[in-house]
Each structure stands twice: as C-alpha cells, then as structure tokens.
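Chains: A, B, C and D, in written order; residue numbering restarts at 1 for each.
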Amino acid sequence: MGVTGVKKPVRVHRAGRDTCLTCEIDVFVDLPSTQRGSHLSRNLEVIAEIVEQGVSEPIKGLEVLAADICRRLLDRHEYATYAEVHIKGDYFLERSLPTGRRSIESYKLIARATHKRGDGLMKMIGARVIGMTACPCAMETVDEIQGNTLKQEGCLPTISHNQRNVTTAMLEVPEQFEVEADDLIEIVEASFSSPTFEILKRKEEANVVITAHRNPKFVEDVVRDNLALILKRYPQLPDDTVVTVRSESEESIHKHNAMAERVTTLGELRSDLV
Amino acid sequence: MGVTGVKKPVRVHRAGRDTCLTCEIDVFVDLPSTQRGSHLSRNLEVIAEIVEQGVSEPIKGLEVLAADICRRLLDRHEYATYAEVHIKGDYFLERSLPTGRRSIESYKLIARATHKRGDGLMKMIGARVIGMTACPCAMETVDEIQGNTLKQEGCLPTISHNQRNVTTAMLEVPEQFEVEADDLIEIVEASFSSPTFEILKRKEEANVVITAHRNPKFVEDVVRDNLALILKRYPQLPDDTVVTVRSESEESIHKHNAMAERVTTLGELRSDLV
Amino acid sequence: MGVTGVKKPVRVHRAGRDTCLTCEIDVFVDLPSTQRGSHLSRNLEVIAEIVEQGVSEPIKGLEVLAADICRRLLDRHEYATYAEVHIKGDYFLERSLPTGRRSIESYKLIARATHKRGDGLMKMIGARVIGMTACPCAMETVDEIQGNTLKQEGCLPTISHNQRNVTTAMLEVPEQFEVEADDLIEIVEASFSSPTFEILKRKEEANVVITAHRNPKFVEDVVRDNLALILKRYPQLPDDTVVTVRSESEESIHKHNAMAERVTTLGELRSDLV
Amino acid sequence: MGVTGVKKPVRVHRAGRDTCLTCEIDVFVDLPSTQRGSHLSRNLEVIAEIVEQGVSEPIKGLEVLAADICRRLLDRHEYATYAEVHIKGDYFLERSLPTGRRSIESYKLIARATHKRGDGLMKMIGARVIGMTACPCAMETVDEIQGNTLKQEGCLPTISHNQRNVTTAMLEVPEQFEVEADDLIEIVEASFSSPTFEILKRKEEANVVITAHRNPKFVEDVVRDNLALILKRYPQLPDDTVVTVRSESEESIHKHNAMAERVTTLGELRSDLV
C-alpha cells in the first residue's frame, strides 16, 4: 500500500548547478495482513512525513532522493519487508544546434528505488526524451515504385514518413553505482533519426530534415542503437545491471503508434558481442 | 451549474444503420442566485434523469440528442433561462484506400446544443479527425540548400518533415437545419496533405507518403482548405452559421505543436469570395 | 515490437445480448535481432490485418478476441516466440438501486492474452470499477476528540472523509477456463464502502451515504474484501490462477491518492485460509 | 495561428524569493490571409525566439512574462493585429495547519495576456486550487430520514458525502493593475468546505473532516463565496475587471462531476450589493 501522485518541488544540486524540478512521487511499502485499523493510517502519515523531509533540502539527484525515502520507510515501518519509491520530474538542458545556436530543451527524468529488507537497495535512473524518426521502409518502397533504385552519391534522400518519437532508457543498479542522467539523455538523443529542437531557423530546420532522412530508423533500430551506446558508455557497471529501452513513434501515416521495447542486462548485451 | 463527464452508451440510428457510440456528456443550466439549498440538488437529479431518458432509445444523431436534452432541461427548470449540452463520442467509418481495400477508421464526433429561453435552439455538429501534414517550407529550404530549384516534371517531391495532424471542424446552426457529420469528416480528410489509415500495405504506405509530399500544407492551409470546402458544400445553410476550424500539427521536428484556428460565419466566407 | 493505441469498434455477443464496445488495442510480438529492414514493416502490416479481421465479426468477449489475435500472430510470424495482446473497452451495465430504480453505470473492461510458443495461451479478464470509500480512521479519531466513544445501537455513524475510489480486479487463467467479466464487476462493487450511481434521488443519495459510513474501508480493506470474494466465487479455477487487485482512493482530504495492490494466486489465497 | 505546448523552466523573482516553475506556453497571433508560404514559417521562428528570450531571465510573475511575450509578438509581426499568450505553471506554497505544523502544498498558476493593436494590453492572473467540499443536501436528507432534525448545540455534524474539489479563479485587468496570485490562492482556499493538505497527523485529519462538515457547500456555494471574497479583496480594481470562477467536485457518490461557473465583472458584483 502507499500513496500516489504527491507533487513536490525538488531542488537538485549537481555539477555546481542548482535546479528546481517539479516532481510527482509515488511511495509503496508492503504490509503484513495482520496490521490493520489505525496503524494503516499511521503508515500513510509516516510516508508523507518522510517525503516532506526528503524534499526539504537540495539533493544530488532524483534517484538519490528516491533511495533516501526508500531507506527511511523501512527504518520507520519495522514490520514492512519491502519499500518502493517512484519519482518523475520535468527537466531541462541547454542544447547546441550544429549552427552553434543554443536552445533549452525539455525532458522527463524517471527515478526509482526498491529496497527489500536484508538485500541491498537498488536504484533506477532513467530519462524520457522526445526526438524524430524517419521510416526506412517507406523510403525503399517509394524508390521501387519510382524505379529510383540507382542512387547517386551526394543526392538528397528519398521522401518518407517521419514523426515524433518518444524514447525512454532506464538503468537499474545497486546503490553504490552512479549513473548520470544527462549522459542517458545524450545517448537517447544520439539514437533517433535526429534530435528535435524547440526553436529552429529555416536552414537549421532543413538540416534536421536532411539528417533524419539520411538516418532512417524503425523503432526497433532506435532501441538497438540505444543499447549499443549504453553498452559502450558503461563498462564500469556490473553484469546484472538491468537495462530497459522503450521507443514509441507517433506514426504520421497511421492513427496508432509503433512501439519497440527491450528489457535486458548489461551482461546479456556483453555476451551478445562475443 | 451542471454535471460533467457522464459516460453513456448512445444508440444512433442513421441511414438505415444502427451504431452504438460511447459518449461523454456535460450538461449546464443557469440558475438565479435566489435558488439555493436543496433545490440545487434537485436540479442535478433532474439533469441526470433527462440524460438517462435521452439515451434510452435510438436517436438520429448526437446533436439531436443534445438538442433534446437541452429542451427538456428548460421545460423542467422553469426558473432557468439558459441550458447547454455537450456530447463527445468515439465514432468509426469504413474508408476505401486508392487500391480499393477497406479499413475501419476512428473519429471523434462533437455535438452541442444551446437554448436561451425565448430564442430558438441552436445546435452544433462537429468532428475531430486525425490526418497528416507535410511542411512546404522545409521542402523549399532543402531545395535551396541543395541548389535543387529547377525541378523536372514527374520527379519525386523533395523531403520535408511530416507529422500527425488533428483537425476539428464544427458548424453551428438553428435547430431546423441539418448537417451530416459524415460529410464534415469527409471535408476534413480532404483538407490534409493526406488522410491516414490504420492498415497500409507497403505500396499503399508509399502512396500515402507521395500524396502528402505532393500536397504540402501548413496548419494555416489546412484551415483555409477546410473553410473553402465547407463554403462549397453548404449553400443551403444561412449566413449566420458559425464555422469553427482548428488544426494542430504534432510537429516531428519540434517538441511542441503548431496550431491554426479560425472562427467565422458562412456569411463572412461568402463575402470573402465576392 | 508492436503497435499501440489502435481504436476499433468491437461487437460482443454475450448472454443473448449484442453490445458494441469502443476498444483500444495494443499488440506485441518478440522478434529475433536478425530480422531487420522491410520485414519489420511487414510485421506491422500483419498485426494490423489480424486486428482488422478480429474485429470484423461479433465475439464472445474481449479476452476471446485478445486470445484470437494472439494465436494468429504466432501463426503468421513463424520466427516469433511470443505474442501479447491488450484490449481495453468502455462497458455499461444496468444496475438496480435498493429502491428498485434502474441506472446505467459505466465500467472499463480489461483483457489480455499472452502466448509463448510451445506453452499454452494464457488469458486475463479484468474490470476497472468506480465506487466510494469512507475512512475508518478519521471516524475513530473524530469520536475520540469528541469523547464520543460510547455509541448507541441504531444511531448514525460518525462523520469521516469519503471519496471516489477506482478499483481494478484481474484474473489470469489458461485459455480453457472461463471468467465472466460481469461477475468480476459485481465482486468489485461489493467490496467498496458503497457502490456509486449516475443518478440518485434524494433519499437514495442519503442511503448511499449511510451505507458507506456503516461500512468504512481503507484501500487495503477494499483489496482484502475483493480477494475474499474472488476466492469464494471461483472454486473451479486452478491454483496457479494469478489474481491482481488494485484499489486507489482519490482522498478528499489530500491532494494525492491512497493506493493498495496485491498480486497473488488462488493457490496462495486458498492456503491462507487453512 | 501559433504554437502550443512549449515547455520551459521559468524563474520567478517575487517578494525577495526566487522560485523556478515548470511552465507550458501557448502563443497565438492573427495573420491576414494574404500572408502565405515561407512567411508563415518565419512567424513560428519569431514566436519561438521571443519565448526563448522571455524565459531567459527571472521575471516578476507569469502574467508579466505573458504580457512581455505578447507585446514583442506585435512588435515583430507588423501585419498582425492581435496576439495572445497562455502560460500554466506548477506552483508550491508553504501552508500552516491549525496545529502550527507546516506543509508544502501544490497549485497551478494560470496567466494570459491579450493585445489588440491600438487597444491596451490586458493580462489575466489565475490559480487552480484543490480543496474539499461536503454536501449540504445529503446531510439534510440523512437527518430527515433519521428523524434527526432537532440538533443540539456543539454536537457533531451529520454525515454526508464529501470529495475532492478543483476550483479555478481568474481576474482579467488592464496591464497597469497588479494582482498577486498568492492572494487569489488564499481566497480560493477560504471558499472550500475545507482546504486540504499533503500531510496530516491523525488529529489534524479529524479536524479537517469536522471543519468540512461544519461548512457544507455545493459547487455553487464555492463559486459564490469566492466571488464575495474577491469583491472584498480588490476595491482598487476597475469595474470592468473580468472575474471567472469555476468549481468542480469529483462527487464521491457519482461517477461524474458536479460543476458551477460564473463569468462576471467586478462592476456587476458591486451593483449586486446595492
């Protein structure tokens, strides 16, 4: 049992920079069925108190806050054997366009902590990023239809459908390991057909379009390329690190979405390489 | 005051066909400030009863149901001077692809009725349709960048960004006039760069992509083309028919949407022509 | 990989009654990483086709439709080893109030099917139901504060906070077993402090309030009572039937929700009894 | 035409305090139908630039930011005659419970600016607040049913249904007038049956319940009491100040909501008094 949808402002102090995130927090503990009546209510009270304390001072990251709340929950509920905390927050980073101009882009950070009494605490760091995909298949079929199959060097790519894509990448590690969310965001952005920007001058817009079409991807490709970059970026993380990547394209030619997801471990990804 | 979010199944009997729509209904009446206490509650009860009666037998259209509920509200609340009813429902139509294959596509019907005691009852018929736009500007800029400005007849259009677009068209008329929602849906679909489909074989997919790029449109163009088709389709409707068209593109190159809207009258549209 | 958010009208023929549900369908298959390029697109095409065929004729229940789509997916994708289908639909039932009046109430049906090649097909039947909870703890504390602890027989219950509660119950069984969704809805409604109704006359309203306060429940109690009724209602289902019950109260005294969930098996519930 | 759903972090410097709000911004300008083609795209670019500049330095309030963006839009689009900006942001305030304990509560700020070339700029300041209502009618009917009509002084109020209520209050004034959003939030909170809190100890919870039941209100009453407090609080604002109050209760005994709304002016409210 727990509480869901607690909205709190969270101050994150990271890399010398102080940011303030609007977060939504869900908190759960397991309770033995022998605990009833007013005890239940007291639990809710304790949960609320701990969340309140947790958000009152600057923290290092949402996953650190999640871990902290999770640990205090087990300390205060001596009859609980398990606690779980989910935190989501709106996040912003300054990005450079190829032209050098800078733009503030929005992201969603996702953090979780789970703690089974006796076992160590696990934390999960994730990010949800909006980008763009262009479809390789439509491109190929348009070429076939047009008898357009012998392409010259340097010519423009063929038209295709392209669309907004939302991709989430998450890593779950034992508490002592650190994963920087900004790195994950960078990895996800590098896996799209092209990243997207809130503000584009005309030439920049054309370049985003060209980049995306030179780099056509199915949702399945976005997931695969994400995993490859994660594998390369985190040699220091243990084999049992759980890696989840989910990519969803809001298909421009359909009213529904296309989706691919893989849940795996770094160990499995490493052995795929051999 | 009123109630919002009442979910009801509504059976529509139209053109010999019986369909069942899942609808969400909002109902409002104005109340003089002298009415207080338990009367207020009785009003809610009456509203609920009337909605219940209204949905119990097959009706001709959501706007007819809205008008019916609206009229009964004023009959039963003798001290109210105004009533308003909104109904939204999921709707489906079979569509033909250029290849002749058929596909069931989803839409949202929107109906409203407003009744000011003394004046006649007004009803509004609308539809929200999902389609696709391809951007004319990025296409032009890509050509400029590539020195690609002399185009041959019959060659493929230049790449651009394209995306899901959601467009809503609504007509508000005195009760005696009839507007068929299926016509409005057809008009909106004809105003996109291309309509979209739930199921596309490879060649059909390529053809949707080609159609969209041969027909690039800003949201502003979608609105303008919608209005032109509405003007042509409804010569029998009066000058003071209120026409609202709103088009929103979920831009593939941005994290935000582009939007255009025009609220006008058939009379104004007709005089623009002269 | 798969598609999400496919909207279709589904005709369900059950107990001599023909209803039409607006459904949202998600479909997934696993693909070996060696499958790439245009094959991926063909998969999406096959998925769409199968969904289209599945919804074209009246079916016995959403879980039967889910099972059917699931099986066809594995038939058509010979290299896939796993398929999964989720369907959600708006649903309505006529309910009797204690006064005998009848009211049409809205529910959400949830169906899933999963099929691992070689293993049998599993189907899940669930329902999401809106009801009402009154808090036992606040009631107790109000009494303490007021020195109100010696209560007479037949007197009114003490005030408390009460609120809208949303509870979901789901059973997952091998394909050959049948679970009637209407039964599950009845079980969930019986587990609230009181069921709720779209239309209530004044006395009915007062009776719902009295019922809820004579029957105060935490979200944890709603889950427990649900499980007890499920245990009693399904002696014929196997021990490994997975039972999931989740209850969330939109607490009137807080801006956040209270939530309880238990995922267990009928076997475990049966052994708790001994 | 315009852009919708632009997410930006906005730093607000007010009353010596620096807060950072996650905001969603919509921006519109009217365009003559003679403006077409690449001009349209340039407009979008200008809109994006201005939003970017607007959010780069601490501002005094969301309505000041909205006004600023609005003015710059007309400066840069010499052919536009009208501009409109909407901003919504998550907001937090520390609140004191009657026991003296403090709790961080969440709100939504709503700001708008509209500028018709030639006329002055209008700005709107609003807040959406979550609270609680207890129903006066059910209370009365329960008493009638129980023959409970002669109440003693000091005894507990009768049970009723109570629920989460969401109320929005907005004031629209010419640019030179100032309205402090924190005041509006205070007014809305004072208009509920009781304000609500993220964290309540047992006695505090009981007191919130008692307060709400001693102060039962229909949505219509919440609106009326809001308007009365606004009238009293803003003697300095002009008669043509537009006041909008909307209150929606997520009725615990129904699956739908009850809603009341009034759009009026301070002048009209003042003349009601005479």
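As a working rule, a residue touches a chain if its C-beta (ideal position, glycine included) is under 8 Å from a C-beta of that chain, and two chains touch if they have at least 3 such contacts.
All values derive from a computational prediction rather than experimental measurement.
Shared contact partners of subunit A and subunit D, listed by label: B, C.
Of all chains, the one whose CA centroid is most distant from that of subunit C is D. Distance between subunit B and subunit C, defined via averaged C-alpha coordinates, is recorded as 32 Å. Each chain gets a centre from the mean of its Cα atoms; for subunit A and subunit C, those two points are 29 Å apart.
In this assembly, the C-alpha centroid of subunit C lies 35 Å from the C-alpha centroid of subunit D.
Those residues of subunit D in touch with two or more other chains are numbered 6-7, 38, 41, 106, 137, 141, 198, 200, 202, 205, 254-256. Those residues of subunit D whose C-beta lies close enough to touch subunit A in the complex are 6-9, 19-22, 38, 41-42, 45, 48-49, 51-52, 55, 90, 92, 103-104, 106, 198-202, 205.
Across the interface of their complex, subunit D is touched by residues 105-106, 130, 132, 137-138, 141-142, 144-146, 148, 156-164, 194, 196-198, 200, 202-203, 205-210, 212-213, 250-256 of subunit C. Against subunit B, the residues of subunit D that register as touching in their complex are 1-7, 26, 28, 31, 33, 36-38, 40-41, 44, 135-137, 140-141, 218-220, 224, 248, 254-261, 272.
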